[in-house]
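Shared between the two complexes below is chain A, which has chain B as its partner in the first and chain C in the second.
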Partner chain A sequence: MSIYAEYANKIPKRVIDEVKDGVPESISESKLKKILDECVREYESSMVEAGEAVGLVSAESIGEPGTQMTLNTFHFAGVAEMNVTMGLPRVIEILDGRKSLTTPMMEIYLKKPYSKGENIRKLALAIKGTKLRDVASEFSIDMAENAIRVLLDKEKMKEIELTESSIGKSVQKSIKAYNVKLEDGMLALKSKSKEITLNELYKMKEKIKSMHLAGVKGVTQVLPVRREEEYIIITAGSNLKDVLEMEEVDATRTTTNDIFEIESVLGIEAARKAIIDEVFKVIESQGLNVDVRHIMLVADTMCTSGSVRGITRYGIVSQKSSVLARASFETPIKHIINASLIGEVDYLTSVVENVMINQPVPIGTGLPKLRMKKQNEN
Partner chain B sequence: MMGEVYTNGKFSGSVDDARQFAQQVREERRKGVIPSNVNVHYSEKLDEVQIESGRGRARRPLIAVKDGRPMLTERHIKQLEKNEISWSDLVKQGIIEFLDAAEEENSFIAFFERDLTPEHTHLEISPLVMLGLATSLVPYGNFNQSTRLNAGSKNQKQALGFYAANYAVRMDMDVNILHTPQVPIVETIMNDISRYEKHPAGQNIIVAIMSYKGYNMEDAIILNQGSIDRGFGRSSYFRPSVAEELRYAGGLIDEISIPDKNVKGYKSEKDYKYLEEDGIIYPEAKFKEGDVVIGKTSPPRFLSSLDEYNLASSTRRESSVAAKHGEQGIVDFVLITESEEGNKLIQVRVRDERVPEIGDKFTSRHGQKGVVGLIVPQADMPFSASGIVPDLIFSPHGIPSRMTISHLIEMVAGKVGSLGGRKINGTTFDAEPEEKLRRELLELGFREDGFETMYNGQTGEIYRARIFIGNMYYLKLKHMVANKLHSRARGPIQLLTRQPTEGRAKEGGLRLGEMEKDTFVAHGASLLLKERFDSDKTTVLVCEGCGVIAIRDEFRKRSYCPICGDNAEISGIEVSYAFKLILDEFKSLGIYPKLMLESKY
Partner chain C sequence: MLQEVIMKDIEATKHVLVPKHTKLSDKEKKEFLEKYAVSIEDLPKISVKDPAIGHLDSKPGDIIKIVRKSPTAGESAFYRVVINV
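Right after this comes the complex of A and B.
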């Protein structure tokens, strides 16, 4: 219908679709027009006005309920759940754009036959990362032969379906400077070079303890959980890339709480969505009520540069164009000195600078400017 | 098995049976062989004995128990009553023992005598000993939440009363005297022990629990103007002003006198009007802010050789002590003495009568503090059928969440006490029971629950609800609005930043801080925000050529730029003085802040 096309640039497609679904086929053209005009009016009236301090309102809208958040870092939501950072510390962690999280976590959804729950334990164990220390019962140094001996625990090996030879192979693969041999339930690593100090040997012993053997690297704990008719796996530790490559995993729904991992695997738009979801999850869990659009604005600012940047003096704030604005945040001396070295110019376009020099801030009533036509001298 | 013995933390030997050894030490202590300030602790886990005799251990007295019988007998009590023996005798005899925290671990202490078994080692003197002095002054404290007792004892420490009988000859700083203090009707044993009647701190008044036009919302209280006129809560505030004739290098000295008119910093003649010939204000002078209390002049600050040729006397500085902003009162007492260094010292004590007003803080003994929200003429106050008008109206909303049952019981107890003409014992854990009070109240012709039919003081209508009314001991707290009230429209500014000063004492402004600023921005009230921050606005001249602040020479009526000279184009811009300051600071750091001007329009 041509009438709908007429309104295509005036209101979002979703609204048009809703109207389409809502009105009877036989509606007269004038009536439909009236309805759509009303939609346009309503849509435009709900838009933010020019000069509205959206950022500040968002800051206040998130900051005020934030004061009521419990400082309780950890909580256990039931027996079957894992220990996750929640509350204010988590919000700070997300908004600061921290690279390493206190509790990285994944929710792995599975494809149809696997999500039924059969063999879910086995699958979960396959995902769990196994290190050499998980299957070893003793590490020792043989000083006479310049060797490290690792006593393997057969029961544990059976549990994760590893054999002595497979372990030996993977150890040999990653350590080239040593010869790996199997001696009745024991792994012996002998140095290829004769000249090796005890200190080096000791360092190597500590290093091989955390050597990755099987499963997904970085996943330290797995927990199969039933969630509405299907089974999912919750993990402590996160490695989205490797998990998504697994054949059983439903890549469309599997997530992690590590925003940087999402950014590198799925891209910046996904990271933006992840920031919104993660922050909103915390706020919701505290029983607070913050409009998503405030969080969306924050997420947008964090992501506009193309990569996730935290709201810190190294992140977003360092991107501000105004010297005075940056100086008024943290480490003023650093900013003033650097600005003076390169002769930076502050055009006083934002709020803080204008407050500093006592001029109207370019927001709200301070935004409109008077423009005069100069009379032609001729 | 050998048990080790440590004395004051140092190894001092070993014994065969540590447990028995500890017991032996205790027995010796009871006999008086070992001093009573020694405590022994036997550690089961380590099988060792720790003997402590050092200072700094918190210890508490308990009655020693032998074979399930307290060692303190009726005979001792009779002797105590007759004053034949004293507390220290009991301690000496080992009847009362002081235990520290460690020895307490080895003891089995009974709360009451009836609970005693042969296993018990000690008996509590009274459950009241778990409370401190101020806390045990709260009547019926065992009916309360512990937090309320804390609040109650905290409040009592701030009450105005009769703090010292010789207050009239003391020069205390910042003290108050309640004019007509009373002894509480509902008292505790601690009132006797601490001799509360010698330094009472409150008054018995009639309290009704009801709301009154919403003026007692949020812990506010309503006062009866009639009660205030009859002296309720009236107090005096004392505060001395001090001046000393200091001596300076070169034989110079301060002089206490009426300053000469040609003294540097001379105020005005009328500021010195209360001073007598000796330069000191006369007693009973009623002064207001700005009036000089003690006239004083000091020698000039920097005495250079040049000044010798000048008129010597005219360079003296005015350094009088004057009443500060908002301060007023009556001179109560003038004291002329010498300071430790032998200088002449003048102390002028000022008195100010404080009649209760809206904003003054009052409290009962149960942590139920509140400020006066309204003072109602007696004629408009509600009254009971027998014509009783409450002195104070307390809001019922203060009760449920705080659960101060003792507050309610005190009202009933106070009612019984005042009607029966006797004091009521309200000691925590050992008070006259509520049932007894109720019965007595009934006998006195009142409802046993303390409720009464009341009438609206303004309309005379009967209130549909019965009102809980009774007598209470109320305290006036030292926080009075007269000491806190503060406002400013114009006033002093700081020298450095030209921004308003801070704090009441300096007649300062109230800061519109960072977050408050944000609310203006959020409302888009850009120009209002600018106006708020105009307090330090200045016009600075800027050289448009080099962007540096120019100089105005008022003598020659010209402006010039320190860099470009006379021919620079100079314009004035309006900025905050603080910004001008930061530009100066940049310059001092070797940074060149260049202002680039353009037309705003």
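Right after this comes the complex of A and C.
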């Protein structure tokens, strides 16, 4: 229908689709035009006025229900032994743009036939990162021979399908200064240099405990879960890049709750979407009602510079051009001293600085300015 | 190595979180800047190295049109300028 295409630039797709669904197919062109014209008029009258302080409205709309959010971290509903940060701490974590999360988490979707539950346990264990500590039952230092001995646990090795020789090989690969040998169920790491202190040996012993052997680095727990007709794997610990490269994984839907990981693997637009989804998920789970538009505005602000910036004095606030605006947020003296050192100029173009010097702020009716036409000189 | 990087980027574009990115041609770019009366510096930014635009062969100064799926408007267009970071 060409009439709808005519209006595509004037009203959003959602409105057009609604009209399409609502009108009978036999409607005449002139009537349809009338309806759409009315939609345009209604849409334009419901738009935000120029100069409206949308940021302020958003801040209040998110802040007010935020006071009612629980400060507790709950257990994951119905799932054993999975702890996830929820509530206000999680919202703060996202909006501050923290790089390290308290509970990083992934939801791994699988391709067929794995999504139907085939070999799901085995696959989950293959994703789980295994460290040397997980397959060893004892670490000891042999001072006479300058060696570290690791007693391997055969049962645990069987569970994750590792053999003694494969463990030995991967240990040797990452530690060059030691000779790795297998001695009936034991891994012996002998120092290549003769002169080695006990302290160094001890440090090495602690280091190899957390050596990565198999699986995906960073994933500490796995949990296969059934969700609406298919099986997915929920993990504690996150490593999106490595998981997406796995063949069994559905790389189009698998996500993590780590915004920065999404930014580096999928780009800034995906990070923006993830911020909206994550914040909205928390607010929804608390039974609160905040319009998505407010969250969208916050997410947009965090992502305008091309990389995710938190709403902190190191993040988006440091991007403000006005000295006074920056000083009014946090650590005022630092900002004012730095500005005076390099001779910064404040053009007083925004809100906060004008409030400070008691001048009309450029929002609402304060936004339009008068401009005079210069009279011709003759 | 280069081949590998390109392969990975195309995979990123298939992800549900990634909306459609397209590069504006020079003519479209001029029309866009005139229509909204903005200069290039005023636009939101996107890094050249962003995984979602790896396949577009873009350079700093290009404008990327992003068609987002919006929970309120159904679909909405957003524009970012490519920067060299």
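Heads up, the rule we're going with is that the second predicted complex is superposed on the first by the 343 of 378 C-alpha atoms of A that agree within 3 Å, B and C clash if a C-alpha of one lies under 4 Å from a C-alpha of the other, contacts with A are read in each partner's own complex, and residues count from 1 in each chain.
Criterion: contacts are C-beta pairs under 8 Å (C-beta built on N, C-alpha and C of every residue); 3 or more make two chains touch, one makes a residue touch a chain.
Everything numeric here is computed off the predicted structure, so don't read it as measured data.
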Joint occupancy of chain A by chain B and chain C, clash or fit: fit
Degrees between the directions from chain A toward chain B and toward chain C, using C-alpha centres, nearest 10: 130
Touching partner for A:266 - first (chain B), second (chain C), both, neither: second
Which superposed partner A:111 touches (first chain B, second chain C, both, neither): neither
Partner chain in contact with A:131 - chain B first, chain C second, else both or neither: neither
Partner chain in contact with A:10 - chain B first, chain C second, else both or neither: neither
Chain B versus chain C as contact partner of A:156, first or second or both or neither: neither
First (chain B), second (chain C), both or neither touched by A:53: first
Shortest span in Å between Cα atoms of chain B and of chain C, once chain A is used as the common reference: 22
Overlap of the chain B and chain C footprints on chain A, listed as residue numbers: none
Chain C-facing residues of chain A, complex: 12-17, 244, 251-253, 255, 262, 264-270, 273-274, 292-293, 296, 300, 303-307
Interfacial residue positions of chain A with respect to chain B in the complex: 51-53, 56-57, 59-60, 336-337, 340, 345, 351, 355-367, 369-372
Residues on chain B engaged by chain A in the complex (per definition of touch): 517-519, 521-527, 529-530, 533-534, 536-537, 574-576, 578-579, 582, 586, 589, 591-592, 596, 601
Complex interface listing, chain C residues touching chain A: 11-12, 14-19, 21, 44-47, 50-53, 66, 68, 70-76, 78, 80, 83, 85
